[in-house]
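Shared between the two complexes below is subunit A, which has subunit B as its partner in the first and subunit C in the second.
What follows is the complex of A and B.
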């Protein structure tokens, strides 16, 4: 062997090692199917802004999750299913994907089969397909914190607490004003069930999409003289509802908004008419929480903030994005504790989400006390028993007006299981057991 | 031009003309399944094929028969939901039969909404076909039966199996799509070159003259609506089953109808090739722009700004195209060929 052949060998070996480390640089990638233009841009910019701000915070403040750097890139979907699928196909070729977060029911539906084949988690925080809560049938889909049925139960429990107790609901009259879309209709059977159970009178009225004309509906409401109106709106329908309510003389403080009718963007356009309006949320708004303060200081202080309008820091959608960031990052951290502080596979992150347990103490340690309550995800409960709270608009900002309220999960679970089992039968899916959930694909 | 001579003389086989389809078949069945990436198939070819087929259907009605329609996406919705229900409710129904039944359902609805064409023309007819658009979307949302009482009204595609072969993978769905498109395009091609096709053109060019020379105008119009809706309905099945794998009624809105109309206008009315060129332009070009934009300026602007500027570029290009060649991409293609050849 000559000196040069040794040298050559060494060079090749070095190149190999360098190449190998370059491939295995410890990173965890978040593909973002965001929407910053189109009719729902307000929600998209706030949510993805908060999510990116939190990922940035983890990278800058902590140097990543246990040294694993978080990366991401965005593709614009405009909230359209076709664009969402295209962006999914485009971004899925990236290595080290942790989880998908499309923030769109339609896109999430289209991705269920695909991400199940890929074995990568799909997160639909506060929305999504209700029966994906059943992790036995949907191993990779997580409607974290709040699915539509729990939201319904939370709203009814809140109205009961305002009346005194659940027994006081008897004989009361509630009108649900819902958006004329699949999203709006999803809770019709649950309101009916709860009306039967608690003995309140119920009337559900549809507002055709997009809902910028509601005179007829509110005249009906005036005739019916309900005690409460639940607003299950979306986009422009919400301010129009509040304004029309004012015109027909229905008091705003007896209107209760659902989780997609709870943002600043829903009430500010309604002006005075929104004063006193109350809405459900899983995460309080405001920037007084330590984690939001750190984002203001570390990220916006360094000019790296994602929101163009700094006035929106701490708004409902921005804080939802931050909470979503916390849940994603903690799932990765929990999975790392089991599998090692390295880049994880999608299936390992799935295991992390299925063990995502953040009690109020841990939430406080994360700087999010009072921002959200807690979460307790398990292999068969992919929602994680999120608590809800209610906030009232005073004309300038939202103020929290209730304790953390627990939806009646035990009542809802059999209905969810019935639906998911029917889906499993229709699609020929084998129902998962706890052992299946512990078998993790690592490579 | 693709519009054929009306005297019906037989022309000897032109081997040069057969070369092009032969190349397409080799590419479509050989090279693409073997080498195409999943992105190319899932994000580009599947929507391209479904929209091309819808455009072929609409072109038959609008381009050849002269009946302007804005109901295309309603007929796609009928096809998609009919296929879902036939598949769900009739056990063991083979997929091709499901697709044919879905097409027939769409044809039925098409004929009903084609009835106004007997009295209305042009823009008035276009407006009356809007009724189909609104009615179908309303009915599909209103009656839970159509989506098997799924609470949110969204259907998801069943397993695709043809003659025992599962076609759920990207390649399988692609092959199903491409075969359906080729078969139906061939049928339409044959049709427009037949006596019926000549009746279509006669009705389009001058309804009164057509009536005078003995063309059954009413029957011809309804036939055009039926066949066109059949094809658009099958395109809807492809859209729902092979491309998106899930469908909600709102996915088939007026925008989609306009999109299909623009495809045939940009591609070239009354031309088979136009439907495909137009669909390619509408599907592929925005993606290309977005990829180039993201690659060149991705670090400078956020995705929203990029998306907006792409729309401006796309809009400007469409205007330039139409000024330079009002008969569409198909005519432009011919001119290019003449220049080169």
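What follows is the complex of A and C.
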């Protein structure tokens, strides 16, 4: 991105902000706490680029959602919590907010109480607090498609499928190399639980933030001679892990990355060391899906694409942004079917998310067959039973190497409920019922 | 201890020493500036990022490797002289804290400028150095780290020779010893500082290429400055030898600590262990193992 393109973007963003202050009655507004500069800008530009591309597609192709135009404006957070909160405070005064989508665990944590008071949904696709899955306690938070525990279960199920079956995990040795942060540590107990259940030997090794030095950890791994290493990394930790694995002679095709170790930005800096590396994802990468093709034709063809570098169309973060766009738009559409084709309140959109059921047939109709599997959100299950798949890096691109795999939701649900109920007790929150969830604030 | 365990200790030690050399590469850039101007240049990490990002962006635009190297060096020279002219010269005779704060601000400006000019994408950097390990007596050694150590050693030798056997090197040392005396004998401080910042820019370029090839060229590259700080505290802020020995001690001890002490305290200790070690040295020898002791008349 050049200096002049930054100027152009700033001008466009200003225009959006000015436009957003004059929202009309038939518009639905998305405040975007984006990060286009700073250490995590590569992920931010991809995700928010994909999200905006999809919103643009709906506006240009369909004239909005049932005639309701989608609007948005951006505030730069640099992925920093205090800036994310500042942007929230600045943008929350805009009318007709549909949902918040910060793509940041820290910012999302800081917003939970605020958006609950505002009665506006907070979407944390593929991330966030695991126990926010429990809609009985967290009515406005939606860790759509995948929470950290489901991710863990999906990874273990995938390793089992490579070994032949879950029984074959017995006696195997798995090392989890995790980022030294609350995010990295969140899955420690669930890996321990799954190790006990399936009988594999487990070792969990921490890498201190930011993870630019991992010699000691990988020498320890070499000594332990595991069958698989699960990489639960973030940012620079991921390519360094792959490079150090190569240095210590551990094969890349026995390293399985989690959902924040699965992008092009994680493997390209590692060069040849990343060849054969596999990572989990909820959405496949590539441009071949009809909805991505439509974005290329309709949006980029008209010179309105959000990505500066067209080579990033169909990348992991771009496609995640597109899927996030689909889920947001469909929640609005579902809510409109109940409340009317008009601008909705945040609480009405919450109701839409709580009825967000897209089966494979509907996903195909949306042009996203094989891009993602399905979702089945309910008032008490805010994750929506997302399926996962696994992609392998061939040195140039990701290739899908597994079927869609279901995490063991039934095993995880009691653990999630235990955690959310403890949170409710601590905060004095009344646990919702289905009737409570159906009571909607329309003004 | 079995033979295998013994080999493992040696392997961790060798790996740590080689990592330590990489820390020294960054620390040398600090030493050069501190030696001649008394400024702790916190922007050294950003200069490493800027150099690596400039180089890789030029290569990706089809400019040949050698020419990209040359252009990047020219850019770093220009950056060095610009910093001297616009930041250091106006702040001459200010307190060390003021100068430190200025370099802290400079660090953010350079980082922001790097992203503004070259974008936010993550880049791979292939220097054509094979990174597959080879085995010596049952110990795996990284060929890349070994070559990096050789480059660092060559750079230290070159800088030492430059400081001791050239007229400009002599002028550097004179300025480092006593700025007022150096001025009195007719040395031109701004020119010398400009040259020193250029030398620091060169060190940043070398460090940027080697660290960039190791981590990828991305924003986090500037965080390697955090690895250099305990090296400086331990080795002393002004001797080049201190940066090298400090790097080796920090590299080896943090790796051994992570492997052998880490499991008893939950792991992930190498990030702070280096600072704990530096703190202990600071308590015993406030000027570091090789730093000059300052004696002032009161």
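List of remarks:
Keep this in mind: the second predicted complex is superposed on the first by the 419 of 443 C-alpha atoms of A that agree within 3 Å, B and C clash if a C-alpha of one lies under 4 Å from a C-alpha of the other, contacts with A are read in each partner's own complex, and residues count from 1 in each chain.
As a convention for this text, a residue touches a chain if its C-beta (ideal position, glycine included) is under 8 Å from a C-beta of that chain, and two chains touch if they have at least 3 such contacts.
None of these values were measured; they are calculated from a predicted model.
Once both complexes are superposed on subunit A, the partners subunit B and subunit C fit side by side without clashing. Once the two complexes are laid over each other on the shared chain, residue contacts for A:359 go to neither subunit B nor subunit C. Judged by the touch definition given at the top, the superposed model places A:34 against subunit B, while subunit C stays out of reach.
Of the two partner chains placed around the shared chain by superposition, subunit B and subunit C are both touched by A:180. Looking at the shared chain after the overlay, A:130 reaches subunit B, while subunit C stays out of its contact range. In the superposition on chain A, A:45 makes contact with both subunit B and subunit C.
In the superposition on chain A, A:110 makes contact with subunit B only, while subunit C stays out of contact range. In the superposition on chain A, A:268 makes contact with subunit C only, while subunit B stays out of contact range. Once the two complexes are overlaid on the shared chain, A:82 sits against subunit B while remaining clear of subunit C. Touch criterion not met for A:394: it reaches neither subunit B nor subunit C. The minimum CA-CA separation between subunit B and subunit C in the overlaid arrangement is 6 Å, rounded to the whole angstrom. Within subunit A, the residues touching subunit B in one complex and subunit C in the other are 36-37, 41, 45, 180, 209.
Remark: subunit C residues 8, 11-12, 15-16, 19, 112, 115-117, 119-126, 131-133, 140, 142, 144-145, 214-220, 223-224, 227, 254-255, 258-259, 262, 266-272 touch subunit A in the complex. Across the complex, subunit C is touched by residues 1-3, 6, 36-42, 45, 180, 205-210, 212-213, 215-217, 219-220, 222-223, 235-236, 239-240, 243, 246-249, 265, 268-271, 273, 308-309 of subunit A.
The touching residues of subunit A, when paired with subunit B in their complex, are 34, 36-37, 41, 45, 74-76, 78, 81-82, 85-86, 89-90, 93, 105-106, 109-110, 112-114, 129-130, 180-183, 185-189, 209, 419, 426-428. Interface residues of subunit B, counted against subunit A in their complex, comprise 37-39, 42-43, 47, 88, 141, 151-154, 156-159, 243-246, 248-251, 287, 290-291, 302-304, 306-308.
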